[in-house]
Every structure is written in structure tokens, then in C-alpha cells.
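Two complexes, one shared chain (subunit A), two partners (subunit B, subunit C).
Moving on, here comes the complex of A and B:
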């Protein structure tokens, strides 16, 4: 194939690649670069290199040094086990050797840095001070995710099972349950804000009128706000899991159940021996989607509580957004990287577990 | 007939649960529309649980004249329309190229796009803000549209590519024998054939852009450029939005009703498109 034809063929992908490069690839690597900088308070384009200080501020010096040490040791262990051998054919033996040496060197550097940092800490007697505001916002995100994984997914599963059985009316339920995910987070969040806020107290009024007046309380007050946010998120989001699980349930062949029935298996048995094992990949998919979707929520808290009262519902991405608003771009990038790393680790290990269960 | 009774009871429990949840999904919107038709003072007294004494559209008039909702609405339509068109053209071109044409680095590009779908960057808006600012695209329509095109691009390319992979090659061959160029084959043969994929791409991306919040919030600070979601948020934080509940609900109704209507008409396709999009990603 000649050059000209190659160029013509390539031009089909070019517009996509151009946009993708500028809006995804460059920002992706730029995040790493930005996280090593601190912007001046007046102009975010005026960046000063500060090294790993943002990470030290987030983790505290002690934990950061410990993490560097752990990373160093695991790199060295990894290199000595010589995992590279698998990668290479005979021709690439020398490449594997070089990679091994580079990894050992990098691991050694991290280890030396870590030891040096610890010696320095003990000399300067630095106090232990991780960025609690940030870690609390991460904790809140995961608190909501916990609700999503338990309450939201159980509800979705229960409803999907119910609709799977009640086949005739199932169509209407599908339409109704999926309405909330289709509407934007802002609309739902603001609607709930009016319903739940202490004044005029619509929801409390509703509770009183059905005789549950003792449950009435300030749902968006400082004790309840985070849980209210979590439950609201579950209520808005269960439709996704519901639809995916329902589609999964309907692919299980009816004959399997009937065969089991003839063999004398009761309903519970059929559920645990047929339904659950058949659905494992889909259940894991829903779990991963729930985690990725919930940890990164921003629209709902912004509309419902704006992070308040007194920061009690400031979730992690909202915190990053606030840092950006205060033109702490470097710090916000570092926070984003840490959160992204947590999410990638979580979802990939879940994928691995699901593959292990399958085989 | 204990077996029969047991079954009836079982169905009763299932349906009670289903109906309760279904009501909780519908009731808030009925309540919202009902409340938006009354003055605020009436709403505060009856909490929106009674029909309005006299239907009045004062709130709606206010949201459009003073609340700026018309501008936000038109902006949202513009952004959704342009973004979706751009995504459909760019991603079907790329999908066709990756599926059928040969050039160096093709697989690498495809795997990169796949990786982009799998790796979450929760703070992607931070570097994007700095980059857009440095090239002067911050607070411009084109900057926001391009950013949104990028958001939907990788998934759409993937959908088109997998769709084209399944198509037989005969049609293309005969078109080529007739002397069609590659671009014309794409436009006259492949793109029309890919209607199902286009449907999923359009629906998924249209809803995605319409409901997008954070990038709009970061990129657009000029009130005249804001889409509906950001506009609603701003409106809800204004003095009117914070105190005049029924006016805010009128604004929410204006934002929600078109989506609800479109959804009810096209529910089958929307559910299919959204789940296809979510499960692939």
C-alpha cells in the first residue's frame, strides 16, 4: 500500500483523533504535570513547580514517605521475580534485562527517598497532618457508594426479580423506573430540595398525614444530610441496575427452572443454584458501574445541598471542584489522580474477582 | 388449594412493592406540576397536595421573562444538536476507518480509545480548564461543544466499529466496482446501513449532553452561554429561586416536561440506547 492511500485511510480517523488528543490524551498527561505545580492565586496559568508537595500535603509527610517505601519495595520484588521473562521472546531477552534493571533502580530510588524522608521527619519533628477535608470528602463519597451497593442494588435486584415474574405488566414498570435516570440530576436534586427542606417541610407534612409524624425531622440538617443525599442518589439511580439485571434475568432459559422443578428443587434452591450463578457477570458489571457512578457524583449534591450544611455533604469531586474554583489547580489535579487511582484499582480487582468466580 | 393461595399471596407482595416504588417515581412530578400552577403563598399552606384554586401561569411567565430560562433552553438545544451531529459524523467516519481501512497505528488508536473508556479521571475538568484557558476557548460555545464531543466520542466510535465489523462486505465491494471512492462508500453505503448504531449513538449522547453539568459549570461562566442544567442551578441559588418555591418548580417543569414527553414517546429506544451505552462503558 502506498503512502498516499495510507494517508487517505488515516484521514478518516483524523478528526476523531484530533479532538481525542486535545480533550483526552493531553489533559490526561497534563494532570500528572499539573499535580506537581502550584498556581498563583491571581492567574491559574501562572504555574510554579513545587515537586511532590501537593501529594505530601494531601497524604501528610509520614504517609507519603511510607507509600514511597512500599512502592519501592514492591517494584524491587516485582523485578526480582522477573515477570518480564513472560513478556519476551528470545529476541527481546536483552530488553527484558534492561527493563528489570530500570525497575530495580526506580524501586531503589523510591526506597532511598522514603528512608531519607523518614530521617528528615524525625529530625524536624513534623506533626502528622493529612488533608482531613479531602479525606473526609472521600469518606463521604464511599459512604454514599456503600448505600448504592447495598440499598440501591438490592432494590434494583428485587424489583427486577419481581418484574421478571410479573411479565404482563413488566413493560410499564420498566418505563416508570427508568424515568429518573433519564431526567437530569439537577432537576431531581432541586425537586428533592424543595420537598425535603425544613421549610415549608413538604415531606414531613406527608409523613404526618400518613401517621408517621414521629419520623419527621430536618432531612437536610447536619445530622441527616449525608444519608438523605445517599438515599436520594439510590432512588434516582436504581433504574440503571434494574434494567441491566432484568435483561440478564430474561436471558436465563426457562427450561433450566423447569428441569430443576422436576428434580424437586424448591424456590430458594432454584434461586441460589440457577439465578445467582447465571447472573454473576452481570452482577459484577452492576457493582462496577455503581462504584464508578457513585464515587464521582457531583450533580445531585450540588443541587440538593451544595455541599452543606457546613461541608457535611461535600463529596470528593465537589471538593475537587471547589479547589479549582479557588484556583488551586495543582492541588485539585493531585486529588483527582489519587481518586482515579483508587477507582481504577477497585474496578480492575473486581473484574479479576469476577473472572476468577466464572472459571 | 394451599399452593394456589401461596402463589396469589406471593404475587400480591411483589405487586405491592412494585407499585409503591413506581408511585414514588411518579408522584413527585405530578406534585411538581401541580404546585407550579399556584402562587407561592398557597403552596406554603397546602404543601402542594391540593389542586390549585385557580390555575395560573404567573410562575411560568416569570421564569421566561426574568428567570432567563428561554436562553438556557435554547442554549441546551443548540449544544445538544451540534454535539450530537458532530459525534455522529466524526465517530462513524472513524468507526468505518478502523473497521475497514488499513493504515499504520490503527490498532494502537483503537486500543487507546478503549482504554479511555475504562480509565476514569474524576478530575478531568481541572486540566481541561487550564488548557482551554490557555488557548482562549474558555467561556466559548465552541470550547464547550468540542469538550462534549470528546466525552461521547470513544463510546460512539466503539459502537460504530463493532457494528461495521458485523456487516457483510459484499455491498461495499459492488460499490467499489461501480467506482465509488471511500468517502462516498461511507456516506452512501455504510452510514445508511448503520442506522441502528446511529440510533443508539444519538440517544445516548443527546441525553448525555442535555443532562451534563460539571463541564458546563467549569467552562461557561457567561450567563448568555449557559445550558439549562447550569441555568437551573443558578436560578435555584438566586433570591427568587431560594424563596419562591413554586416559581422554581415552574422552571423545573419547563426543563423536565419535554424530556418526559420525548421519553414516553421513544421509551423503547431510549432504554435500549442508554443501557447499551452504560454496559459497553
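Moving on, here comes the complex of A and C:
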């Protein structure tokens, strides 16, 4: 391929590459760059370079040093495993050697940093002080995710199974169940706030009128707020899982069930031996989408509780939003990167598990 | 097919080119103003029309959602694309940042021209919140950097009908905190009526209440010394401040769900005669008027918890506009602000938007309910007037702590310790 052809080919890819870089790659690196800065206390427009201080504040110096150590050891082990030797040609081999040396050097640097940090910690007797507000917000996000993975997805699966069999009315159910996700988080949040708050307290009033007054309580109070938020999120979001699982169910060939029936398989056997195995990739897709969607909720808690009472429903993305509003741009960027890293790690782990189960 | 593609491409190019053009066919300069006040857009547009007729200058008010406004301004600042006039939300350090970077114009020379006639027009505190004094901690060149177009104050209000029902004289609301608790408790004994309601789901109202009483219990100097880090939050006076919330809780006078209640919900409760006392800003007049035009209420100074120091009442400019120092229409923008803060336009804004005027001498034109918010001026203060402001992390810890006291999850002492710990953690920021 000559240079002209290469240029022509590249010109076809260029628009997509430019858009992708502008909207994804540059913001990612810019966020990373911002995470290494802190706004001055007297001038919020003036960002000062502080290195990894924001990450240290979030993790605490001890955990950050330990993470650096683990990363250092991982890089060195990876380099010595000789993965680079798989490359064949002479030119590639010399490149592999260079990459190996760079990886070992980087690993060594992280390890040295880690040892230095630990020595400094013991010398200064630094106390262990991770940002508990942030980690609590992450914990809350994962609590809601747990509800999403169990209650929301089970509900979606059961409904999808039911609707899959309802040939005539299926399309109506599909519309009804998908109505809630179509409505915005904020609309649902505001409606539920009117229903669940003390004043006017429609839900409590309803309970009293049907003789279940003893169940009436402050649904947005200190004990119930997070669970109320989790259930509200599941109620709003099960439609997504429902549609995907229903689509998955409808791709399973009917002949498989007929053959199993002829072989004498009962309903439970058909479900466990055909439906579930055939749906595994879809189930994992729904799990990953649930995790990504739930950990990143912000509109619903903002409208329903504003993160209260006393921060009990402040989830991770809401925390990042609050930090941004308080001009902690660098800190919020660091929090965003950590959350992103957690989500990416989780998603890849789940994909790997899914592949293993499939194989 | 080829013809079709050619035609489509020509059509797209035409659309793109026409889209890039200026849509308004106007003569003379256009002053663009960015703001977030959806309730005032109509009134602003009417004023813009009037100004166009009088001065032949087009004023274009552009409205953005409140939640996205700060991000919009920050993005425009970074892109060097700020409008001619805009408002700045947030702490004084944000205003200071814009002033320091010379993004906004120092208006002192314009205000002081013609024997300071423009400057003299304003209620002092409204102008003070937009000004920087000599040797300010932000190192901003002393001057006036914003023009207040209205005013606000956040006060205790009492429902006159309910107070009378409880057997108290209308002109003598409780003067001290103990009487306040006792009267509020009696109101609470009536079914579906609460002693006190406020939108404490919006945490800034909690900080406002807390600082009012910090002024009362320890004086302004000690309060500011705490922010400076010279007095710990575990000081007995601070414990007393936090204990006031414990008293409110223990007396059972708070409306249920007060710490998840937003300001609008609290306003509804007060407007429907369901709360004897409330703590709210002058903007609440609008809601009270809409929900219950018959509502009789009055402002009162914060019931004192201490006789030694005066309490604080947050007051100042409700909304201020600043001038983009790089604007091509700088003079036109300043002239418009001058016109907007003339008595005639201020009276129009009072009537149309139910907000307090930022200039003196208009109490007679202000409806009585609203005018009450101009009372108790001897206690007026505002974070933008303090020589130092608390770190937002510490403010957050105070607000969260107070909410925990109100729901009975923590004691004042525990909260004081937590706030002190947060202060220690962020002392170098």
C-alpha cells in the first residue's frame, strides 16, 4: 500500500477518530490531568499542581502506598513472565526488550515509592485517615446495586418469563413495563417524594385508609431513606432488564423445548437445562448494565432526598457532583477516576467469568 | 442517485452556513445577560423592551437552569466566552477569583462618578457583599465588583393567627430561646400544627441558622477566630450552639421530616397555617402569597440564646450582576445596570417579582409582608462580608452533624468532635 492509499484510507477513519478523541479520549486525559490539581483557597480559577495528593487524601497515605507497591510488583512480575517474547521478528524482539525494561523500571519506581512512603509513615506516625465520606458514598452506591442485582433483576426475569409466554398481550406488557425507564429519574424522584414524604404523605395516608396504619412511617427518614431509594431505583429500572431478557428469551429456538418435551423433560428441567444456559450471556450483560447504571445514579437521589438525611443517601456520583459544586474540581476528578476504575475492573471480571461459564 | 446525493450535500451546506449566521436582525449594540432566575425572566424581558424603546439598545436576557448555571459560567470563563453581564453564584472566593483574574470590571469609578450618586443609591449591605476592602484575604484590588438588583434577608417568621390562638400578644413574639421553645411547644400540642418548620433538607439554611446563633453565643470575633483555626469547634460555646438543635429536637417542636424537607415544602406548611414559626428568606413571600393570600405573618429577630452578643441575620444582595471586563459593550452594560437600579425600575421589579429592592427609600412601595424583611437591620450580616470564610468541607461537616443531632443519631459533643476533626484534616487548604 503506497502513502497515497494510506492517506485515503486514513481519511475515511479520520472523522470517527476525531469525534472519538474529542469526546472520549481528550476528556479522559483532561480528567486525569485535573485530578492532579487543586483549586487555590482564594482563587477557584487558579488550579495548582499537587501530584497524587487527591488520591492520597481519598485512600489515605497507607493504602495509597500499598496500592503503589502492589502495582510495582505486578508490573515486575508481568515483565518477567516474558510475555513480550511472543513477538517474532528481529525488530519486534528489540522493541519487546525495550518494553520489558521500561515495565521493570516503572514497577521498580512504584515499589521504591511504596517503601519510601511506608518508611515516612512510620517516621511521622501518620494516622490512617481515608476519606470516609467518599467511601461511605461508594458503599451506598453498592448497597443500591445489590438491590438492583437481586430484586430488580429477579423481577425483570420473572416478568420476562411471563410475558414470553403471553403471545397476544406481550406487546402491551412490553410498553407498560418500559414506561418507567422512559420517564426521567428526576420526574420519578419528585413523584415519589410527594408520595413518600411526611407532608403530604400520600403513601402513609393510603396505608392508613386500608387499615395498615401501623406500617406508616417516615420513608425518607434516617432508617429507611437508603432502602427507599434502592427500591425506587429498582422499580424505575427493571424495565431495561425486562426488555433485554425478553429479547434473549425469544432468541432461544422453540425446537429445543419441543425436543426436551419429547425426551420427557419437565418444566423445571427445561428451565434449568435450556433457558438458563442459553441466557447466560444475556444475564451477564444485564448484570453489567445494572452495575454500571446503578452505581452512576444521581438524578433520583437528588430529586428524592438531596443526599439526606444527614448524608445517608449521598451516593458516589452525587458526592462527585457536590465536590464539583464546591469548586473541588481536582478532588472530584480523582473520585471520578477511582469510581471508573472500580467499574471497569468489575465489568471485565464479570465478562471473564461469563466466558468461563460459557466455555 | 448521484443527483440526489449532490442535492442533499448542497442542502446540508446551505443549512450549515445559514445556521452560522446571526439570527437577529437588530441595529445597534446588543447586551447579553446570563442568569438563572426563571421566575424573573418575564419581568426582565419587559424591562428589556422598555430599555430598547428608551435607549435603542437591545438587551438579551438568556436563562439557564440553576443547577447547571455555575458550570456554564465556568466553561464560558475557560473558553473566554463570557457574556456582557452575568451573575456569579457561590462563595465570595468565587467572586474574588473572577475579580483577581480581571475577568470582571471594577465598577468603583462608575459608581463614584457624579458625587457617588449611583453608589449612594444602594442599601449598604447590598453593595458591601459585592465589594472588597483594603487588605482583604483574597488579595483582590479594593473596589465594587457587582451591582445588586435586589435584596434578601433570611429571618424568623411567626404566624400571627397561630400566635394569637396560643394566647400571646401579637406584637410580642418570643425574645429569648427558652420562650421560643415554650411557645412553639404549645403550638405543637394542636393537631396537625407544628412549632417550627424550615427547609433543612437544603443544608445551607442549616449553616445560616447555625452561624446566626454562633454570633449570638460567642460573638462575631470568636466565630471568625474559629474559622481562622484559633478556636476549636469543641469549644464550650460551639457545644452550646449545637445543643440548641438538641433542644429543638427534645422539645418535639420540629415539623416531622424537617431535615429532608426542601424550602418549598416548608413554605407550604407555614403558608397553610400548620407551623407557628419558620426560618426563611424574603423570597418565601411569593409562595405565601400564592398559597394563602390571607396569611398573617411577621418577621422577628432570632430569639436570643445569650444576652451578651447580638445574633446574626443573613442579608444582602439577592442577585447581583457583574460586568465582563473584556466585553465590547462594557459602557452599554454599565449604563443598563445603572438604569435597572433606578427607583422606577426597582419598583417595577418589586411588583412583578416580589423581591426586596436593593436601593434605599422604597419601603413605602414594598408590600408590608415583604417590607418586614427589611426590619432588624442592626443584625444584618452575610458570609460575603466576613473577612474569612469556612472551608466547604467543614461547612458540610457542620450541616451533616446538625442533621444528625436533629434525628437523634449524634450528640452535640460528638458532632463538635467530628467537625473539629474535619477542620484539622483540611486546615492547610
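Following the convention adopted for this analysis, the second predicted complex is superposed on the first by the 325 of 359 C-alpha atoms of A that agree within 3 Å, B and C clash if a C-alpha of one lies under 4 Å from a C-alpha of the other, contacts with A are read in each partner's own complex, and residues count from 1 in each chain.
Definition applied: a residue touches a chain if its C-beta (ideal position, glycine included) is under 8 Å from a C-beta of that chain, and two chains touch if they have at least 3 such contacts.
Because the structure is predicted, anything quoted here is derived from the model rather than measured.
Q: Quick check on the subunit A-based superposition: subunit B and subunit C, clash or fit?
A: Partners clash after overlay.
Q: Thinking of the overlay built on chain A, is A:225 touched by subunit B (first), by subunit C (second), by both, or by neither?
A: Only subunit C is touched by A:225; subunit B is not.
Q: Please indicate which partner A:45 is in contact with in the superposed arrangement: first for subunit B, second for subunit C, both, or neither.
A: both
Q: In the three-chain superposition, say which chain, subunit B or subunit C, touches more residues of subunit A.
A: Comparing touch counts on subunit A for subunit B and subunit C gives B.
Q: Have a look at where A:134 lands relative to subunit B and subunit C in the superposition and call it first, second, both or neither.
A: So A:134 meets neither subunit B nor subunit C here.
Q: Counting only touches as set out at the top, which of subunit B and subunit C does A:19 meet: first, second, both, neither?
A: first
Q: After the superposition on A, what does A:142 contact: first (subunit B), second (subunit C), both or neither?
A: neither
Q: I'd like to know which partner A:308 touches here: subunit B for first, subunit C for second, both or neither.
A: second
Q: Touch check for A:55: first (subunit B), second (subunit C), both, or neither?
A: neither
Q: Where does A:110 make contact in the superposed view: on subunit B (first), on subunit C (second), on both, or on neither?
A: After superposing on A, A:110 lies clear of both subunit B and subunit C.
Q: Quick one: which of 21-29, 75-83 or 237-245 on subunit C sits on top of subunit B after the fit?
A: 75-83
Q: Name the residues of subunit A shared by its contacts with subunit B and its contacts with subunit C.
A: Common interface on subunit A, subunit B vs subunit C: 44-45, 306, 324.
Q: Name, in rising order, each residue of subunit C that touches subunit A in their complex.
A: 70-71, 77, 90, 93-94, 96-98, 100-101, 103, 137-139, 201-203, 255-257, 259-262, 265, 268-269, 391-393, 396, 400-401, 403-404, 407, 409, 425, 429
Q: If you look only at subunit A, which of its residues touch subunit B in the complex?
A: 1, 6-10, 12-13, 15-17, 19-20, 22-28, 30-31, 34, 44-45, 155, 158-159, 162-163, 165-166, 169, 172-187, 190-195, 200-202, 205-206, 209, 235, 240, 243-244, 247, 285, 289, 292, 295-296, 298-299, 302-303, 306, 316-317, 320-321, 324, 329, 332-333, 335-337, 339-340, 343-344, 347
Q: Write out the stretch or stretches of subunit B touching subunit A in their complex.
A: Its residues touching subunit A are 11, 14-15, 17-18, 21-22, 24-26, 28-29, 31-32, 43-44, 47-49, 90-91, 93-94, 96-98, 101-104, 106, 109, 112-113, 116, 118-131, 133-134, 146-147, 149-150, 153-154, 157, 182, 186, 207, 210-211, 213-214, 217-218, 229, 232-233, 236-237, 245, 248-249, 252, 255-256, 259-260, 263-264, 267, 270-271, 274-275, 278-279.
Q: What residues of subunit A sit close enough to touch subunit C in their complex?
A: 38, 41-46, 129, 133, 197-199, 218, 220-222, 225, 305-306, 308-311, 322, 324-328
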